[in-house]
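Both complexes shown next keep chain A, but they swap its partner, so chain B is in the first and chain C is in the second.
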Partner chain A sequence: MKLRFRGQLDRVFTIATGLSVVLLTLVLLAILGPMVYRGSSAVFFQGTVEFRKMQKNLFGRGDEQALHAEVAETEKVRQQVYEMIDAFKKGVDVEALSEQVRQIHRQFGQDLRDRNLPAGEYTRLRELTRQIRDKLEAAFRSQDINEIKRLVGEVLKDESNPQLKGTSAEKLFAIARQFLQAAGQIDLGKHQEYALALQEAEGILFHSEALPGLLGPRPGEPPAPLVMLRYGATRWDQAQTLLDRFLWVEHWVEEKPGEPLVLQRKPRAELFPEPLRPLFTYVEQNAGKMLHPRRTVYWQFLRDDNVNSHYFGGIGPEILGTMLITVVGMLFVIPLGIISAAYLVECASDGWTMRIIRMGINTLAGVPSIVFGLFGLAFFVLFLFPLLGFAPRPCILAASMTLAVLTLPVMIRASEEAIRSVPATYKEGSLALGASRFHTFIAVTFPAALPGILTGVILSLSRIAGETAPILFTGAVSLGAVPRSLFDPTRTLSYGSYDMAVGDRLGMMVPHNQYGMVVTLVLLILILNGAAIMLRTRVFKKLRGH
Partner chain B sequence: MPEEERKDMPTSVLKNDITKPNVRTTTFTIDGRERPANLAGETCTCAVIHSENFSLHYGSKAGVQNITMDIYPCSVTAIIGPSGCGKSTFLRSINRMNDLIPHVHTEGKLLVDGHDIYDKHTNLVNLRQQVGMVFQKPNPFPKSIFDNVAYGPSLQGVRNKGELQNVVEQSLRAAALWEEVKDDLKKSALALSGGQQQRLCIARALATKPRVLLMDEPCSALDPIATGRIEDLMHQLQSTYTIVIVTHNMQQAARVSERAAFFCLGELIEYDWTSKIFSNPAKKETEDYVTGRFG
Partner chain C sequence: MRKAILSAVLVALATGTVARAETLRIEGSSTVGPIADAFAEYFKSVNPGLEITVNKNGSGNGATALIEGRCDIAAMSRFMSPDEFAKAVANKVYPVAWTIAMDGICVVVHPSNPVKALTSAQVRDIYMGKITNWSQVGGSNTPIVVISRDTSSGTYETFETLVMKKQPMAQGVEYVNANPQAQARVKTTAGAIGYVGLGFLEGVKVVPIDGVRPTKQTVANGTYPLSRPLFLFTNGFPKLGSIPFKFVTFYLSEKGQELVEAKDFVPVTNY
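The block that comes next holds the complex of A and B.
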C-alpha cells in the first residue's frame, strides 16, 4: 500500500515537472511570439508603390523604368481622385476662389499696362474686370442660389466682350461657370464647414502639415521639407489604417450626461454634399490599384540608416553601435573578471579585508543600473578622461567601461565558482610535477574552469548588449553620425527602442520599427550567446574526452 | 650508512640491519608470474631519503612526530597503518605537498639525496621533479594523453616536438600503457578507464625522470585487475626508481614491498623487512595491526 503510494507520488512528480516545462515554454512563446511577429514585419511586409518610390529616391534601389511604369499606372487611377476633389473645390473653397479671381484681376492689370493702351481705354477695361471681380466675390460669399445665379449671369454677359477675348481675364468666366454649376449642388450655408472637412480629408489623402497621407503629395506640388511627407503610405498595413481614417470619422459623444463618453464612427462621406460622395467609394475600391501592394522583403532594414527619426529606413548604425559597445565592454570584462576571480580563489587570504571586498562585489551586483550610468558619467567621462587628456564627452569607450563595471560582479562570481569547482587533485597533480602556482593556473585550472567562465561570459554579454540606463549618460545618442572611433558616441538598439518608446512621436507611427529593433536586439544576443554556448559545449566535450 | 645515524634508528631496524642486501630467497608470485625477490639490493644501499626526528604540525595539531627512518633506493617501501596515523602526511612531506595547507610547520630534518628539503633555499620545482607523486584518485589533467605526459618535461623547458614525443613514448612504455593508447594520444585522458588513468598518472610522474616515486594509496580507487596491473608495474619500476607507497591494503604491502614501516598515531612504530613485519613483528601494536586485531 505504502509502496503504491510512493509510486504514485513519483508519477505525480514526473507529470508536474513535465507540465511546468510545457508551461514555461508556452509562456516564453506567448511573450516572444507576438514580439517576433510584429518585429519581423519590419522586414517582411506588403510594400506599396510609395515604398518603392522612397527606396529609389532615398537609397537608389530598384529598377527605374519599372518604377516609372508602375507610377504612371497608379497615377492614372489617382487622377480621378484629383479631378473629383478639384471639381468640388470649385464650388466650395470660396476663399481659394476669391484669391484666384483677385490674382487674375491683378494679372490682367499687369497685361494692360504692358500693352500701353490709351489712358481712357485702360481705366475702362480695368473698371470692367474690377466689377466682374466684385460680382464674383459677392457671388462666392452669397448663400442664396438665386442671387448667385443673377450675379454670375451678369458676369457672363461680358463674356462676349471682344476686348476681353484671348486675354488673361477670360479665365474668370470659366471660374464663374464652374462655380455656378457646383453651387447648384451644395448647401450654400455650409461653405465654411465643407472647406474645413475637405482640408482634413485632403490631409489624410495627401499629407498634412506634419503627417504623411495615404497617397502622398499630388504631382507637381513642391516637395515638402520633411522627407516623410513626400511619400504616401509605404506599407499596406499603414495604408489600411489611413484608409480607415479616411473613410470614417470618429468622435466622442456624450450619450447621457455624467456617463463616460462613447466613441462613435460615421462615414466621412456624410460630412460632404452629394457631388463628393463618390470620391469615398472610389478611393475605397481602388486603394489597391492606387498603391499596388506587393510582398516585400526589406532585409536592408538591418543595414540602412534611418530617415526622419526612423520613419523610413533601418537600424544599421544601431546594430553596429550595439556590437561595438558589447565587444569593447567584453574586452574589459573578460580579463578583469577572470583575474579578479583567480585572485579571490587562489591568492586571497580569508581576512576581514577580503570578506569586505567579497561583500562589496555581491552588493555591486544588485545596484540599479542607472546608478552605474551616473557613476560612469562622473568617473569615466568627467574625471578619468580629462585626466588622461581625452575630451570629457560621452563615447563608446566610456559606455563600454561603464557596462563593464556593471557586469563585473556577474563575471567575477561565475568565474570564481568555476575556478573553485576545479578539483583540487588537478592542482595537486600539477604542483607535484613541479609547476608553479601561476603555471598551474594557466595550464590546468583555467582550461578546466573554462566552461564555467564561459557561462559568466554569456551572462555578462547579454547584460551588456541589452542595458540602457548605464549608457544613457555615457555614450548613447538617439540620432547622430555613425561612430568613426571609440571616442564617438553611438546609437544602440537598446537605447534606440527606449527613445522610440518615450521620446518620439514619430516612433509611435512606425511600431514595426520599434519591434524590429527589439527583436533584432534579442536575436543579436541569441546569436552571440549561441556562439558562446557552442564554444562552451566544445570545450566541455574536449575536457570530457568525448 | 654512518654509525651516528644508525643510533637513532629503531632497535628492530638495527638488529636486522635492513641496509644490507635483501637476504630473502623466496620468490613472490603475482598473478601467477614469478619475479626474483631482490632486484636491486646488491648495488643500492645508501639511503635516498633520510628522515631525522621529523615532525609536522598542522597549527597546534600534530601530523607526524619524530619520524626517523631511511628509505633505500631501487626498492619499494610500504608505509602502513590505520587511518589518520600520519602515513600520507609523511609521504606528502617528502615532496613538500603539505605546503599547500596553511599553518603547517615542521621540525627535524628530512633529507632527499642529502639535501634538507625544508631548508628555505630549497628549489621546490627541482625537488618535485626529483620526487614524483601518484595520488589516491587518478587525477589526469583534462587534456590529451600526450599533453598529460608531456606536461612535466615541457615545464622543464623541453620544447622540441620530437624530444617530447620520445619522452612521452618512453614514459608510457615504462608505465605499461603505450600499447593501449599509442593510436590515440590525442584523445582526452578523461576518456580512459580508471586503471589506465592511474597508469597515465604514473607515466606523467615518470616523464620528469624522478629518482623517487611517492604513491599515495594508488590502487584504492581501482578494481582488482587494474590493481594487479599497477602492482606489476611497481615491480618493474623498482629496479630503476625508489618507490614509497602508502597503502591500507596489507596484502598489497606484503606483495609489493621489500621494506615496510608501520605508523600509528603519528609515530613510526616499526620499520623492517616486509617479511618480518608480517610474519614476526617486534612490536605488539604491529602484530595487532597486521593480524587484524587492531581497531
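The block that comes next holds the complex of A and C.
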C-alpha cells in the first residue's frame, strides 16, 4: 500500500515538473514570439518604390536605371491623382485664377516697358490686356455658363493678334481655355460649397499625413525640411494604414445625450462634392500601381545608421556601441571578479571583516541599477577622470566601468561558489607535490572551477549588454557620431529602445524599427550567451578528459 | 578569440589620442530633445566635420550638466530655477536662455467622451480628486481615470504651476513617464483624462480650456492658458559665428522654424 502511494507520488512529481517545463516554454514563446515576429518585420517586409527611392538617395543603394524606370511608371499613375484635383481646382479656385491673370497682366506691362515702344503703342497694348483681364475676371465670377462662354469667346478672339504672339500675355489664353473646359464640367451654382470643399480637400491631399504620407510630396515641390517628409510610405503595411485613413473618416457621434459617444466610420468620399469623388476610388484601386510593393530583405538594418531619429535606416551604431560597452565591461569584470573570489576563498580567514565584505557584496547585488549610474557619474566621470587628466565627460570607458561595478557582485559570487566547489583533494595533491599556493591556484583550482566561473561570465554578460540606467549618465547618448575611441560616448541598443519609447512620437510611427531594435538586443545577448555556453561545454569536456 | 578582442580594445584605446573633430554636446529635456535632434541632423548635413551628441535625460540633468561643464547647450522645457542659477554663477557659469519654440500642454480625453469644454478650475478639481465622475462636468456617467506625467518631468512642473497652482494631486492619480505613454493610456481608456504635448493628439480628443482650444495661434500668442516656451541654455553669450552660436540662433531662420513646426511645436515668430 505504502509502496504504491510512493509510486503515485513519483508519477505526480514527474508530471508536475514536465508541465512546468511546458508552461515555461509557452510563456517564453508567448513573450518572445510576437516580439520576434514584429521585430523581424524591420528586416523582412513589402518595400514600396518609395523605399527604394529612399535607399538610393540616403544610402546609395540599388540600380539607378531600374529605379528610374519604376519611378516613371508609378509617377504616371500618380499624375492622374494630381490632375484630377487640379481640374477641379481650375473651375473652383477662382481667386487663385484671378491672381494669376493679374500677375500676367503686370508682367506683360513690365515686358512692354523694357521693349521701348512708342508711347501710343504701349498704351494701346496695355489697354488690350487690361480688357482681357477684366473679361476673364468677370467670367470667373459668373455663375452662368452662357455668359462665361460669351466672355471667354471674346477673349479668345484676340489670340490671333500678332502683337501678343510670343509675349507673356499669351498665357492668358491658355488659362481662359482651361477655365472654359472646367466650367463646363461642374455645377456653377455650387461654387461656394465647392470652394470650401476644395480647401478641405487640399488640406487632406497636400498638408495632412494621408496622401503625402502615402505618395510623398507632389513632384516639383521644394524638398521638405525633414528627410522623413520627403518620401511616401516606404512599406506596404504602413501604406495600407494610411490608405485606410485616407479613404475613411472616423466620427464620434452622440446617440443619446449624456451617454458616451459612438464611433462611426464613413467613406471620406461622401464628404466631398460629386466631381471629386472618383479621386478616392482611383486612389483605392491604384494604390498598388502607385507604390509597387515588393518583397524586401533589408538586412542592412543591422548595419545602417538611422535617419530622423530612427524613422529610416537601421541600428548599426547601436549594435557596435553595445558590443563595445559589453566587451570593455567584461574586460574589467572577469579578472576583478576572479581575483576577488580567489582571495575570498583561498586567502581570507573567516573573520569578522570577511563577513562584512561578504555582506557588502550581497547588498551590492541588490542595489537598483540607477544608483550605480549616479555613482558612475559622480565617481568615474566627475572625480576619477579629471584626476587622471581626462576630460570629465561621459564615454564608453566610464559606462563600461560603471557596468562592471554593477555586475561585479554576480561575478564574484559565481566564481566564489565555483572555486569553493573544487574538491580539496585536488589542491592537497598539488601542494603535496611541492607546488606553491599561487601555482596550485593557476594550474589546478582555476581550471577545475572554470565551468562555474563561465556561468558567472554568462550572467554578467547579459546584465551588462541589457542595462540602461547605469549608462544613462555615464556614456549613452541618443544621437551622436559612431564612437572612434573609448573616450567617446556611444549609442546603445538598450538606451536606444528606451529613447524611442519615451522621446518622440516617431517611435509610434515606426513600431517595426522599435521592435527591431529590441529583438536585436535580445538576439545579441542570446548569441553572446550561446558562445559562452559552447565555450563552457568544451572546457567541461576537456576537464573530464574526453 | 581573446587575443582578437584584446587587440581591438588596444587599437581603440590608441586611436583615442587622435585629434577629435569639433563636438557639440547637448543634454537635457526629452520634450526639447526632438527639436535638438532635428537641428543636429540638419547641422551635420551642412557641416560634415561637426559632431553633435544629444542626450535626453531631463531638464534638471541638462541644467546640472551645463553648470558642471559637461555639455555646451542645455535643453530645457522649463526656465532655470533660482537655485540652479545661483549654483551656476558660483561655478562661474553664466546661463543665457534662448527661447526656441513654444509648446502647448493639451488636456485630452478619450474620443468617446461627450464633454465639450473644461475650465482650469475644473481640471484642477479633477486632479485633486474633488470631481470623480464625468457627469459632474457635463459628461456621461463614467468614473474619471486621472493620468499624469511623472513628477520629475518639465511637463508635470508646468502643469503643476499653471493648472494645479501648487495644490497636491489626489492619491488615485496614475503616473506615466512620457508623452507617448500618456497618449496611449488615454486613447485606450474610456473615462481617462491626461495631458500631452501638441504632437501627441492622434486618437484622443482635445478639450478646450477656459474656452480656448490649443492651436498654433493660441499657443504662440499665449491666449491658451497652458502654453510654455522651450529653452536652450548656453554658458554665457556664445562667440558670434561659432557653432554653438549658430545652433542656438538657428531657430530664427526659416529652415529652423520649419523644422520646429515639422516636429509639432510652435515656432516663436511667424516666418
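Simple rule for what comes next: the second predicted complex is superposed on the first by the 426 of 546 C-alpha atoms of A that agree within 3 Å, B and C clash if a C-alpha of one lies under 4 Å from a C-alpha of the other, contacts with A are read in each partner's own complex, and residues count from 1 in each chain.
Please note the rule applied: contacts are C-beta pairs under 8 Å (C-beta built on N, C-alpha and C of every residue); 3 or more make two chains touch, one makes a residue touch a chain.
Note that the coordinates shown come from a computational prediction; the quantities given were computed from them, not determined experimentally.
Chemist: Putting chain B and chain C on the same copy of chain A, do they fit or clash?
Modeler: fit
Chemist: Applying the document's definition of touching, compare chain B and chain C: which contacts more of chain A?
Modeler: Greater contact footprint in residues on chain A: C.
Chemist: So in the superposed three-chain picture, is A:Arg150 touching just chain B, just chain C, both, or none of them (first/second/both/neither)?
Modeler: neither
Chemist: Given the touch rule stated above, what does A:Arg61 touch, chain B (first), chain C (second), both, or neither?
Modeler: Neither chain B nor chain C is touched by A:Arg61.
Chemist: Looking at the overlay, what does A:Ser436 touch: chain B (first), chain C (second), both, or neither?
Modeler: In the superposition, A:Ser436 contacts chain B only.
Chemist: When the two structures are overlaid on chain A, which partner does A:Arg277 contact: first (chain B), second (chain C), both, or neither?
Modeler: Once the two structures are laid over each other on A, A:Arg277 reaches no partner at all.
Chemist: Name the contact category of A:Pro447: first (chain B only), second (chain C only), both, or neither.
Modeler: A:Pro447 sits against chain B, while chain C stays out of touch.
Chemist: After the superposition on A, what does A:Lys542 contact: first (chain B), second (chain C), both or neither?
Modeler: First partner only.
Chemist: For the superposed model, what is the least distance in angstrom between any CA atom of chain B and any CA atom of chain C?
Modeler: Nearest C-alpha atoms of the two chains are 22 Å apart.
Chemist: Taking the touch rule as given, give the residues of chain C at its contact with chain A in the complex, in rising order.
Modeler: Its residues touching chain A are 5-6, 8-9, 12-13, 15-18, 20, 25, 30, 33-34, 36-38, 40-42, 51-57, 61, 68-70, 111-114, 135, 139-142, 177-181, 183-184, 190, 199-200, 202, 205, 255, 258-259, 262-264.
Chemist: Contact residues on chain A for chain C in the complex?
Modeler: 224-227, 229, 252, 254, 257-263, 307-309, 324, 327-328, 331, 381-382, 392-394, 472-473, 476-481, 484-489, 499, 501-508
Chemist: Which bits of chain A are touching chain B when the two form their complex?
Modeler: Chain A reaches chain B through residues 423, 425-426, 428-436, 439, 443-444, 447-448, 542-546.
Chemist: Per the contact definition, I'd like the list of chain B residues that touch chain A in the complex.
Modeler: The contact residues of chain B facing chain A are 95, 97, 100, 124-129, 132-133, 135, 137, 139-143, 151-152, 155-156, 187-192, 201, 204-205, 208.
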